[in-house]
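Could you have a look at this structure, given as structure tokens, before my questions?
Labels A, B, C, D and E are assigned to the chains in the order they are written; within every chain, residues are numbered from 1.
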Amino acid sequence: MDLLFKIFVEPFALMVSAPDLLAQTLWEGLVGGVLYALIALGFVLIFKASGVFNFAQGIMVVFAALTLVGLHEKGVPAVLALLLTIAVMFVLAVAVERVVLKPLVNQPDIILFMATFGLTYFLVGLGELIFGGEPKVMITRELFLPQGATDLQLFGGVVRIQHIDVAAAVVASLMIAALAVFFSKTRIGRALRAVADSHKAALSVGISLDQIWIIVWFTAGIVALVTGIMWGARSDVSFALQIIALKALPVLILGGFTSIPGAIVGGLIIGVGEKIGEFYWGPLIGGGIETWLAYVIALLFLLYRPQGLFGEKIIERI
Amino acid sequence: MRAPDTPILAKGDVLLAVENVSLSFGGVKALTDVSFDIRKGEIRAIIGPNGAGKTSMLNCINGFYHPTEGRITFKGATRRRMRPYEAARGGIARTFQNVALFKGMTTLDNIMAGRSLKMRRGFFWQALRQGPALQEEVEHRRVVEDIIDFLEIQAIRKVPVGKLPYGLQKRVELGRALAMEPELLLLDEPMAGMNLEEKEDMSRFILDVNQQFGTTIALIEHDMGVVMDLSDRVVVLEYGRKIADGKPEEIKRDQRVIDAYLGVAH
Amino acid sequence: MAFRKLCLGALTAALAGAASLPLPAIAQETIYVPLFTYRTGPFAGSGIPVANGKHDYLMMLNERDGGIGGVKLVIEECETGYDTKKGVECYEAVKSKGPVMINPWSTGITLQLIPKAGVDKIPILSMAYGLSAAADGNVFPWVFYPPATYWDGASVFLKHVAATEGGFDKLKGKTIGLIHLDAPYGKEPIPFLETQAKEHGFNLKLYPVAAQDMQNQSSIWLNIRRDRPDWLYIQGWGAMNPTAVKEAARTGFPMDRLVGVWFAGGEDDARAGGAGAKGYKSLNWHAVGADFPALQDIIKHVVDKGKSQTPKDKVGENYYNRGVYNAMLIAEGIRNAQKITGKKVVNGEDVRRGLESLNIDEARLKELGLAGFAAPVKVTCSDHSGHHAIYIQQWDGTKWVRASDWIEPMRDKVRPMLEAAAKDYAEKNTGWPKRTEPCDKSS
Amino acid sequence: MLSSADPRGEHTFPQLIARNARVRPARTAFRHKDLGIWQSWTWAEVHDAVRAYAVGLHALGLRRGGKVAIVGYNRPRLYWTMAAAQWLGAVPVPVYADSVAEEMAYVLAHAEVTHAVAQDQEQVDKLLSVSERVPTLKHILYDEPRGLRDYDHSRLHPIDEVIDEGRKRLADGPEAADLLARELEATQPADLAIILYTSGTTGRPKGVMLTYENVLRAAEIGCAFDKLNESDEIIAYLPIAWVGDHIFSYAQAIVAGLCVNCPESPDTVVEDRREIGTTYAFAPPRVFENMLTLTMVRMEDAGALKRRMFKFFIDHANKVGEKILNRERGVSLWDRLLWRLGDLLVYGPLKNRFGLTRIKVGYTAGEAIGPEIFKFYRSIGVNLKQLYGQTEASVYVTMQPDGEIRADTVGRPAPQVEIRIDENGEVLYRSPGVFLGYYKDPEKTAETKTPDGFVRSGDAGFFDQTGHLRIIDRAKDVGRLRDGSLFPPKYVENKLKFYPNIKEAVAFGDGREYVACFINIDLVAVGNWAERHGVTYGSYQELAGHPLVYDMIEKHVDEVNRSLASEPRMGGAQIKRFLILHKELDADDGELTRTQKVRRGFIAERYAPLIKALYDGSTEADISTEVTFEDGRKGVIAARVKIRDMKTYPVEAPALEMAA
Amino acid sequence: MFYREAGQYKTSYAADMAVFPLREDRIGLAVIILAAYALAFTRNDFLLQAVMIPFLIFSLAAIGLNLLTGYAGLLSLGTGGFMGVGAYACYKLMTAFPEVNVLVWILLSGFFSAAVGVLFGLPSLRIKGFYLAVATLAAQFFLQWAFNRIPWLYNYNLSGAIEAPLRTLFGVPIIGPTATAEVRYLVVLTLVIGLTWVASNLVHGRIGREWMAIRDMDIAAELMGIKLFQTKLLAFAVSSYYCGVAGAMLVFLWYGGAEYTVFDINQSFFILFMVIIGGLGSLIGSFFGAALIFIMPIGLGIALPALLGPFGINVGAEVIEQLRFMIVGALIIFFLIVEPHGLARLWQIAKQKLRVWPFPY
């Protein structure tokens, strides 16, 4: 009875009694969700265009951020370092296309999946070799990112909004909008969408598959860089960050592997869901349930809709 | 292994009755009010233009789809929402329009897999693969070898089916279905994509199966020559409706069939 | 001092002369000291300075003194990546080379090695980490846990809180939070804090941080905001610490009420919080900074000669000095063993005895060029930790400054709990050997 | 070793089967790859089955002297049919399985068979289709029931049913057993055991009648010669109507008690032989030739290292392998060790691939085998031998004893065989295996058999200095040059064809000044050679006319000339001129028979301008020929063909008189 | 090269269906097993303790995952969790009933992970492919959390870890600090051989065929009367059983004690690497994969300094480690490109080459 009370009454009572906390929780959830969505976006881009489940997206985030900070540490001005990092991500995209994707074209999904594991290992080693393993502080100020926080007086309490989080949300929105334009308005973008359906269709648009892959991986690299900057600004830049990338997996399940809106909505749902869950129900079983709550949410959701939020309904044919 | 309560049917009795079956996906009607029957020991052809609902009909019969309306009675028993494996257990086997073999396995293993239903040894013996389990494997291997011999595919016994040419794959698939010792064998375009010689072979096998084992066969086929030669009775579907049903000679003369289908083919 | 140096120099010269003789047997007289380090992986941030400190101090001994007691040290790092699997691999790799002791630098690896130590006759020096119960030398003769245990740390934290609040009686009704890595290491202080909470009537709140969410702590800090604890104690490691400090700064938690255990006291940990981190406190038992003769020697003999991976300005940072401290314990353990046994080349069993009768007093620290660097350390046969004094340091925005005197842990509270835990361990591990190793008199 | 003088007096095959069932009941007698595994029968089971079968056949009306046709591939039950028929004193008449209905009708009618045993539906269909023309035929039995279910079974019986019927009768009472005992005793050694029809190159097949004594004595000679015993394995894949199969897979198997293995189908012989690992094998030269060619072609695709290793060891084997096999002295320890190593790395695996790992002795006969090929197998440790035999002799005429094995002779007269060579060079022989006569053809019998019991072989040959017989050609084909020296065209052609680069050769010379020759290159072999030597070519014609190819072929011809010069009486047949044909000789153009034999006359006519040029001294000649393409279209190809002159060698060997 | 197939004919189906129908293979296997046992007497602790014992245990776990992923086609990322269930179950059992021999508990502990595996396998009826893989991640993270958070599982040990108390077999210590590496190696080897034999039996029989059938074409399999759900769950159960036993062995026969972090997501990936690099759907491939993924880095760690040393490049342990990472990553990609079907396929090809030796095909 007491347990039922704690599960079904107390958390809601808390929500009502402390609306500022609820608002703060929702905000934190949304911000976390945006960052999850960004990582998921990287996955989706690549999955959509090349059918590769890119496990290396997490390390790409770290690698991009590390390159940026590392270059800056070596004395390169911030803006130049940013441009150089973008160039590095391009080189990475080309290298991945040449060395990994091309030789493995038409292999089963799981093989490509596995290859991105190899890529992860390689990038971990390379990144540490070049930049060392110690955590680095994100060059927030140098990149003209806002710092500090604003306290909003709301619901008789305080909701603290970090400027960097707002910036993250804005940048993420811009990013998504840019991608949307890119996909719907440009020739390359349309080709990318076509390639998701069939490789031949893309060829008819006049863009080779190689180019498309490079573009997609490069785009994912940019997304990774943005994610890295934002997340790095929240904590710091270290290899531990790649583990967070796993959080994108439940987001993907929820949103579907091929849907960009799915990645965003899924990210927000997971972000908010796990924060609310952890905050209001977590203490019941000792807290720390965040690690698996997202997966369980995704799993339960899958049982209801096996194709994800925005995936198409599958009719089995024989 | 016949369950004691199922009636033993004589040749010519109704083995399977399809009554007023309709099937729809969302708003799309795949089958509308289709009724026909299949009698024990006959070769029953289902023909019709592309998209007429032939494969959907087979899917309903073996429980892969569940009819939205109507009922299907097999060996006198009507099962609502029958699962595919229940159909298989009941004695319905089938082959597929696009070969649906187990690509990673050899011909032998594919056909052995068709014996799964008949194998009884549980996990324990399987884990030991000695005594009864091995004995059982050998017994079933013997049956499978007869099928291999029957279909003349000895040479490819241990070849992974993925490496076989299409015609042989179809033959292996037939073998796999035969391994189930079905009472009703559903063949979905068994000769699609075959050359003349392969078609002749396949026709011979189908007839042999029908005569030698007394297996009732329902087949979908586009090659009218084959259909008319092989089948005892033909049912014609168009846009999910039955438009004709009868002996091949009758069908050939049926004006609606000629309009809908045969006119184009001939 | 000068005389000593002279003697050492003469000895070294003599040895060098001896070594130059075509006598391979003498040339091979070395002491093998493997160092388990992690310069890679998610915990590399903390691992690198520690590894550098350990390595550089021992290297300095080799360069300056020609080793210990005239015997060169063979220093070999083995990269564990903070991964237990690789730790076991490292252990097996070094075992055959006759190591005199093992410094696992990971609680996980330590736990694996504890049972092996007695069997393989290789002592384990787990300096202020590992299995708390191992501080009981009667049960764990092969494991050493100086200078203090996590429970000592937590008790010092409480003493500090009580002192700030105005006495233990003021703790009643207060809320004290523990934000910890959700792993055995992070959970170590919980039983002690729980008993204390009962005793003093404060409210203990736990905030576990999962390893994969080390850099994603926002919900934890939401909880903290809700519970409004008066004090927060951080038992974290690696990337968890800077994130926690940062989050504390972001959410406006009063930084002078945020205290980290000694493994949450790196410069990088505090630096991440930027200006907002000013006022953050952490425990420590050794000094920060390079203003010690020994550290200057390191710069002179090792860093300047390019034999270290440390940039000069990082010498003297907290974790670097912790490595130095650790290396000092290693060296002193070996030296003591040489003294007790009279052998120059000592083995694991000798060093165990050396560690067990370790007594580094002020004078000795001075000799070492580490006067004021740390409190004296003494280990006895029954007490393998010593429960030595700890001080509080505070971040001034750019560096650590000392913020308290030496605070003695609550030895009377900690010791019985430790002994009970050791007993429990021995009971649960049936067949745990009774101590048979004789006890040397403390030197 | 058993001989016909065995006191127990087993002088028929049924008696020997009974003996085997007694002496070695549990040893495997027959195996048949069927339904995926080797189904096996022990001698006891075979004995039992044959007894029952005999009773069953008796019940179907088979009586002493009756003839039983046996049609099909090698199957245990077909061999048992022979034994069961012989048990009753009836005569089995095996028929070639691939013979068309027409031939079958003739043989069946000629032999007046009353019963026919077929392997499967195909043969049954054939039999049924000719049954009207064979009025004596009463019953047809079959082995494999597949597809025969709906046939009219009034005169059609599955063998198993017949055997079961026999079993039932044997179980029912002693009458059947008495009958068996009676019939077994009644058969005499001199009785007719079997009629084997030979497909003569001309005219109707002739039925060679062999008695029990013929066959048994021949089998015993063979068994004794190669020390065959019950542990040996043989694979039965040659037509059961051929005397070789009858002796090897039936007679010798029963005499020695060895095991006969029937392959799953004609297509799987190679795999099946490999599985069984026969110890005693027979194959015509082309089988060995194919295996070698395949080996060489495949090795071309191997990696460089492997190829070099292969070449090194094969070269080594060429040097010492035969000596080691012959247990000759004078091979150094190092060479022996190296050969052992080669055996591990190359020869052993090769033999394994060929299924010859366990081979005790292998025979090749029927045609001349290339010395290179022959030497290759011997050098890697396969005890390959040649023999010369004929149906009329129950196979054995000459054999090669161990240690005296050479590629160019067919060996010494087999035990108990006498040989003489008549003035025309034709070989005549007399032996215990010599046949009774041609069935219902005393004329032909008289033509072939001399009054003193010698049989005309129809082959020309001579004994060389070592006392080995050499067969040079069919007696009627051997011609003479204008100067009277001997010209055996096939002998010359074969020598040329032993080179892998030469696919066909047509030699001319009968009644002319000298020998000249057309040569057809082997596209695969020469193509490979060209690739390795950087010779580019666009077509067969271009390749054939390439000067480097000519040079290469010239070397081969030169070698042939040298070897001819060193042989007695052959020196005159050295090739003076040759040309390489611009197109492949093709059966579609009528230049070859369907069995790939050269039609000399037709070619001479078709390529008359070239022949003219060969003999008028011109250095090249134009030719245009009509050809049939693969799709059936016809066309004309024209070419200018070069002619090369060859050097001839002085004849070394004294011209021996042909009469030995 | 070593094959002499001539003369190896099968006269019965039992012989024809044997797992090793060729004599040379049987001899080779016997030689390998004997050599493996002989290894125990080298008394080389590094080889046994740091290489062979973990290699064998990981091989067993890889076999477990391979049964699920390679044979039944169900991708799982929860291996670490299932291994953990085995380890913790074994710990609870052996401390609760110390009188029963520990080997019994090791073998029984697998049943607990089997049960948990079945539980988390339930969604496999509805979801497939990567979706299912992510669902198994839920198992991984939940279980990991549970191992840490439920003190009952580790008997309320203050260290939060589970430790191997002394246990003996016929008076010889096999678990605990005094158990020598040789003894533990022999125990591990025997268990692994036995369980591999059972796995081989399963995959070569009806159950294995049913798994492969649903892997290759689940619809066709169902229409042939194979119950998808039961078959998939059985795959989950058997797979988890193997993983569980491997987990118990990992802790008690190798580490001697463990924290929950041993069974983290990296462990799952680690095993998955082995399975894929080794070859999906191949038992021997599991061993190859374990060798490559586990032993190769160790070898590199030894070989790299030796290789770089002569060139005067003296690098620290961490550079070696970083190079190790890079090389392992590159090799994974390299092997996938060379042979996407894993080392097992390379092995098959090599074997085939040996069979047709000296021919290239």
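In this text, contacts are C-beta pairs under 8 Å (C-beta built on N, C-alpha and C of every residue); 3 or more make two chains touch, one makes a residue touch a chain.
Remember, it's a predicted structure, so these values are computed and weren't measured experimentally.
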Practice item. Looking only at C-beta pairs in contact, point me to the busier pair out of A-C and D-E. Key: A-C
Point to revise | Most central chain, Cα average position | key: E
Practice item. Averaging each chain's C-alpha atoms to get its centre, pick out the one most distant from chain A. Key: D
Check your understanding: Farthest chain from chain C, comparing Cα centres?
Key -> D
Exercise for review: Could you grab the centroid distance between chain C and chain D? Build each centroid from C-alpha atoms only and quote it in angstrom.
Suggested key: 90
Practice item. Report the inter-chain centroid distance for chain D and chain E in whole angstrom, where each centroid is the mean of the CA atoms. Key: 56
Check your understanding: So what's the Cα centroid distance for chain C and chain E, whole Å?
Key -> 37
**Study point:** CA centroid of chain A to CA centroid of chain D, Å
**Key:** 76
Revision key, fill the gap. Among chain B residues, those touching two or more other chains are 64, 96, 100, 141-142, 145
Exercise for review: Indicate the residues of chain A shared as contacts by at least two other chains.
Suggested key: 128, 133, 246, 286, 288, 291, 318
**Study point:** chain E: positions in contact with at least two other chains
**Key:** 12-13, 16, 141, 145, 148-149, 219-220, 223, 265, 318, 321-322, 325
Review point. Touching chain C in the complex: which residues of chain A?
Key: 14, 18, 21, 24-25, 28, 31-32, 128, 132-135, 137, 147, 149, 160, 162, 231, 234-236, 238-241, 243-244, 246-247, 274-275, 278-279, 282-283, 286-288, 290-291
Check your understanding: Where on chain A is chain E touching in the complex?
Key -> 53, 99-100, 103-104, 107-111, 113-115, 117-126, 128-129, 133, 246, 249-250, 252-253, 257, 285-286, 288-289, 291-292, 295-296, 298-299, 302-303, 306, 308, 316, 318
Study note, to complete from the structure: Touching chain E in the complex, chain C uses residues 37-40, 44, 48, 51, 76-79, 81, 84-85, 88-89, 91-93, 95-96, 107-108, 111-112, 114-116, 118-119, 131-133, 182-184, 187-188, 191, 210-212, 309, 421, 424-425, 428-433
Check your understanding: Once bound in the complex, which stretches of chain D touch chain B?
Key -> 34-36, 146-147, 149-150, 264-265, 267-268
Point to revise | chain C contact footprint on chain E (complex, rising order) | key: 45-46, 49-50, 54, 95, 98, 141, 145, 148-149, 155, 157-161, 163-167, 173, 176-178, 254-262, 264-265, 298, 301-302, 316-318, 320-322, 325
